[in-house]
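In the two complexes below, subunit A is the common chain; its partner is subunit B in one and subunit C in the other.
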Partner chain A sequence: MNRLHIRKPFALLLLPGIIFLLLFFIAPLLFVLVESFKGAVGEITLFRYKEVLTDSQFRLVFVRTLRMALIVTPIAVLVGYPSAYLMTKLTTAKKSILMSLVILPLMTSPVARTYAWIVILGKYGIVNQTLTSIGFLKEPARLMYTEGAIIVGLLQLFLPIMILTLVSAMENVQEEIEEAALSLGSSRVGCFFRVIVPLSFDGLLMGVALVFTGSITAYVTPAILGGAKVLTLSTLMRQEALVLMNWEAATVIAVIMILTTLILYNGLRLFKPRTLV
Partner chain B sequence: MKKSKLLILITVVMFVFLLGPFLVIIISSFSNNAVMRFPPEGFSLKWYDKVLNIEMFRSTFWMSLKTGLAATLTALVLGVPVAYANVRYRYRGKNILELVFSSPAIVPGLVIGFSLLRFFIYVTKIPVLTGLYLGHTAILFPYTVRVVSASLRNFDKGIEEAAVSLGSSPVHAFFAVVLPNIQSGLVAAFILAFITSFNNVPVSLFLTGPGVATLPIQMLVYMEYYFDPTISALSSILIVFTVIIIQSTEKLLGISKYM
Partner chain C sequence: MKKTRILSVILFVLVAVSSQVFAAGQKEAAPEAPGDSMPYKGQELTVSMWGYNMDLLEKNIIKPFEEKYGVKIIVETGNNSARFTKMVARKDNPLVDVALFAGSWAYKAKEEGIIKPYNPDKLTNLSALMENAKDPLGGRYAIGYTIQHLGLFYRTDKVAEITSWKDLSRPELKGVLSIPAITTTYGPAVIYMLSKAWAGDFDATDVGWQKIEELKPSLVTAYNRSSELNTLISQEEVYAAPYSSFAWGTILGSGLPVANVIPEEGLVGSFSMVSIGAGTKKEDLAHLYIDHLLSYDVQMAEAMDLVDSPARTDIKLPPEVAQNLTYGEELISQLHFFDHKKMAEVQEEWIARWNKIFSN
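Showing the complex of A and B:
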């Protein structure tokens, strides 16, 4: 902020927020960032990064985390787009009911929401009980503490976010444009892909950015459904910090997590679909 | 407009997937089995009784409630002026500042909690409880700014200008004219922020310790040691509360448009 700004009254409005974030958000993050480059005697070093990045467990976990995000995101798009499209076509009353059903999982305690999947996927859970009782399985299969379980949990968490983003993007597509396309001989499917999708593409990118980065950083879902058996970046970071007391490794993982999120989040949002419109 | 059968099928399957698990929890909470089993073999309310009698759940519930209220109110006090400045004024560096203001919602909560813990332990030696409150305030701040901004954009600037031109001071006009008119936005911001705080795990994870825990953290700890329907009962209570909040706020405020 330069002096010119400070003289204006609105600077006073921004100041408390800025000071708060500086002290209790930016400073701690910078502190951790600096710490991650500090060696044992205070010298600047990349040693800690080298140590973490060459660790085979870290690599495994990093690739696994990206892989799960890469699976969750397209499924969220494939299921979210049709559902969101249908919801924009409903009457206001019906839409309002469905919207509150969509936000229910978002507003419910993540522990409660994820716990449900233990009841469903656990050793004596619904899936195993059903499959053993019809004789498909001889004994319960291990469904919990697998990547599949985490993916299912992440989908339940992020489908609503994708749908909300797409609904608000598609609401801005005027009905007339769609009708014009249809009356000019476009098929319904063709209209969806050539009119609706391009016009709501910004919303789609936003949804993809939110779901992808969210899947990478989610904590509760992998903590409950993956446990210590299937670690992700966030559960690995927690393990390093609170179980193994390896603060240095946790710090480096924290920095890597921020960088991955910021790069993906901003990268996806900068991407403009010139060829599609 | 005709809706294709495939669209309806996908949407129905999607809703079963989203909401089925909630039904499963509620059914399992009435089980009389000592270990989670589905379907339950008999009906009982003993797990609800147990939840209400576990001291750790009661005390952490109050901790979550107090932290949520304090952090939400602070985030509103900090966020409303920022929202007002961002909606009403243009200034240099606004884009960057807006990015900064929204970043606590983008940076992973786990990293925020972790860096606050490191910073508070090494540099400022702030007690854990204060750290919890500050960490929650930081992550709620973007929500209050966003929701209040949206509501300010819908408010007719002319009414405020009329008040000022009729002799009201800008500050008085803000409190007497602007605030009452964005009431529903403020309530929506309050509810969204409070729920976000009440449910938060990643930030709280590092900012809790002996004697300082929030309800979700306590639930996670309990789940590590026990596998009985107690958590089902507690989860069911939380789900019912959430449904009531969403039902009342969606009708009154249309809260989904702020998310």
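Showing the complex of A and C:
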């Protein structure tokens, strides 16, 4: 496999980015990690983890957050994969129109985007009005402030990211390989699953990691669409940090969130199929 | 050699840019010019405050002060908790000169040492305030610059008149009720009022909690911000709810048939408080700003725009304005003011209790 060799002086161009990441991402992250193991007098202890992990309230919120992320991610893959595949097959003009449509939600404020869901999922919103007018429901159903509402909001938020990641991965799959598979007798579906999917698996992995991580850590969407009744890890963390001033518990929750996403990401890598090239 | 030169250029650019960025945030106050008619001209004053109704706050408070004294007001907006946290985090290097907090947060700010006592001799308008607004926390740590209350509203076309806090448990309110979440300013007050209504005693809070649990199926949601309640009302999701009085103007603006009531157990009162930031280097200017906030003109303008109810006793409001504010003997005599210390002490336990009820 060919690797791109960067001449050393040019590698220095990476320096500002690296310094920025070190200062504003890695250093705070290490700080959070170290703090989570510190006791009242600075000793190293697992006490805080024990306290958080044995709290039934935390376990309930953790399972709920995980459940929602595990629902959102596969749906994003199932909806995103065919869309991304189709987009790579279109002419440049058609593709740019579709790309614009995909990117459009990302360019809207998350708060405005989420408030729009209140209008759609509200008691007299479009969904309830439609379902009651066709006789499917006798009375408007409670859609807002439920886990379902959060899942819908998260999907809208992260589906574009999944599609963009997959499009970029599939564009790197050489068309000749697909043609070769078809000419050797593979069906279109077989070619998709046995050629396209393995060759774009890195993109899929990245998409899954981004969507899952985003779903676990999203704050605005669960806060607005779930309200005070449906707590998630991020809204619980906010409560601990900004209401109770319990930074220790908030730190532990942050570390658990990071660990959960790391475990999933590395776990998925184990399932990576053998590459064809 | 070449590598070192490139590295030096990059580092120089980084240092130059970052020094500019940090210098902008630490602008030194211009020295006072003796004998000048605007002795504070060119100085900056950092005020930590809420962002709700910001356009009106700019018009009524900030702009007139800036124009009168030639001072630039830097506002740091956010809810109580976010601003409190920032001030605690910057305790050793404070930036805030004047801080505005709701009752329990002002108490926490006092405990945390991020606000300091004011000097009554520097506040010409202090004597015009209601007696209990002059020093609500004790030790002259804060002044109640505006009085508020937790009102109770209902939709007149959908719900029969509400006359008691007990009425929140009426079956007709099932699915159309909202209350402030426990983490909000008035969240704990709802527990006290339900305790009073059902057990006759504010301190019988176990009864209040039992009622909260019973109300759970009736709630559309428990709101975290007044703006959230406004949305719920305008979307016709909520027909009755306790609301923060400063949001009443917006609730009326929805155009829906709504009415507010004074239930038989009364309502909850509170002051929004203003304090001097601990460690400020502009103590005189901070006092001047607070005095401006308490002035007749500002308090009148804020009241007329339905932003804040006056803490001054000499403001006379027309009836159509007065009825939408925390104003007048009839209403103010029905308000209960709860002990912030007591509320701060039970906060953690109550939030855990609330989470347990609502997460199951």
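Heads up, the rule we're going with is that the second predicted complex is superposed on the first by the 224 of 277 C-alpha atoms of A that agree within 3 Å, B and C clash if a C-alpha of one lies under 4 Å from a C-alpha of the other, contacts with A are read in each partner's own complex, and residues count from 1 in each chain.
Assume a contact is a pair of C-beta atoms (placed from the backbone, for glycine too) under 8 Å apart; a residue touches a chain by one contact, two chains touch by 3 or more.
Computed from a predicted structure; not experimentally measured.
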Practice task
Please indicate which partner A:215 is in contact with in the superposed arrangement: first for subunit B, second for subunit C, both, or neither.
Solution key: neither
Practice task
Report for A:232: first if it touches subunit B alone, second if subunit C alone, otherwise both or neither.
Solution key: neither
Practice task
State whether A:145 touches subunit B only (first), subunit C only (second), both chains, or neither.
Solution key: second
Exercise for the section: Give one of first, second, both or neither to describe whether A:168 is in contact with subunit B, with subunit C, with both, or with none. Expected result: first
Handout entry: Which superposed partner A:79 touches (first subunit B, second subunit C, both, neither)
Key = first
Exercise for the section: Would you sort A:118 into first (subunit B), second (subunit C), both or neither based on which partner it touches? Expected result: both
Problem - First, second, both or neither for A:16, with subunit B first and subunit C second - result: both
Practice task
Kindly classify A:60 by the partners it touches after superposition: subunit B alone (first), subunit C alone (second), both, or neither?
Solution key: second
Practice task
State whether A:245 touches subunit B only (first), subunit C only (second), both chains, or neither.
Solution key: second
Handout entry: subunit A residues touched - subunit C or subunit B, whichever exceeds
Key = B
Exercise for the section: Overlap the subunit B and subunit C contact sets on subunit A and report the shared residues. Expected result: 8-9, 12, 16, 115, 118-119, 122, 124-125, 223-224, 241-242
Handout entry: subunit C contact footprint on subunit A (complex, rising order)
Key = 8-9, 12, 15-16, 19, 57, 60-61, 115, 118-119, 122-125, 142, 144-145, 223-224, 227-229, 231, 236, 239, 241-246
Exercise for the section: Please give the residue numbers of subunit C that touch subunit A in the complex, ascending. Expected result: 2-3, 6-7, 10, 14, 81-82, 85, 88, 108, 175, 181, 183, 219-224, 228, 231, 235-237, 347-348, 351-352, 355-356, 358-360
Handout entry: subunit A contact footprint on subunit B (complex, rising order)
Key = 1, 3-4, 6-8, 10-11, 13-15, 17-19, 21-22, 24-25, 28, 35-39, 77-79, 81-82, 84-85, 88-89, 91-93, 97, 100-101, 103-104, 106-112, 114-116, 118-120, 122-123, 134-135, 137-138, 141, 145, 170, 195, 198-199, 201-202, 205-206, 215-216, 219-220, 223, 231-232, 234-236, 238-239, 242-243, 245-247, 250-251, 254-257, 259
Practice task
Using the touch rule from the top, collect the residues of subunit A that touch subunit B in their complex.
Solution key: 1, 5, 8-10, 12-14, 16-18, 20-21, 24-29, 31-32, 35, 79-80, 82-83, 85-87, 89, 96, 98-113, 115-120, 122, 124-126, 129, 155-156, 159-160, 164, 168, 188, 213, 217, 219-220, 223-224, 234, 237-238, 241-242, 247, 250-251, 254, 257-258, 261-262, 265
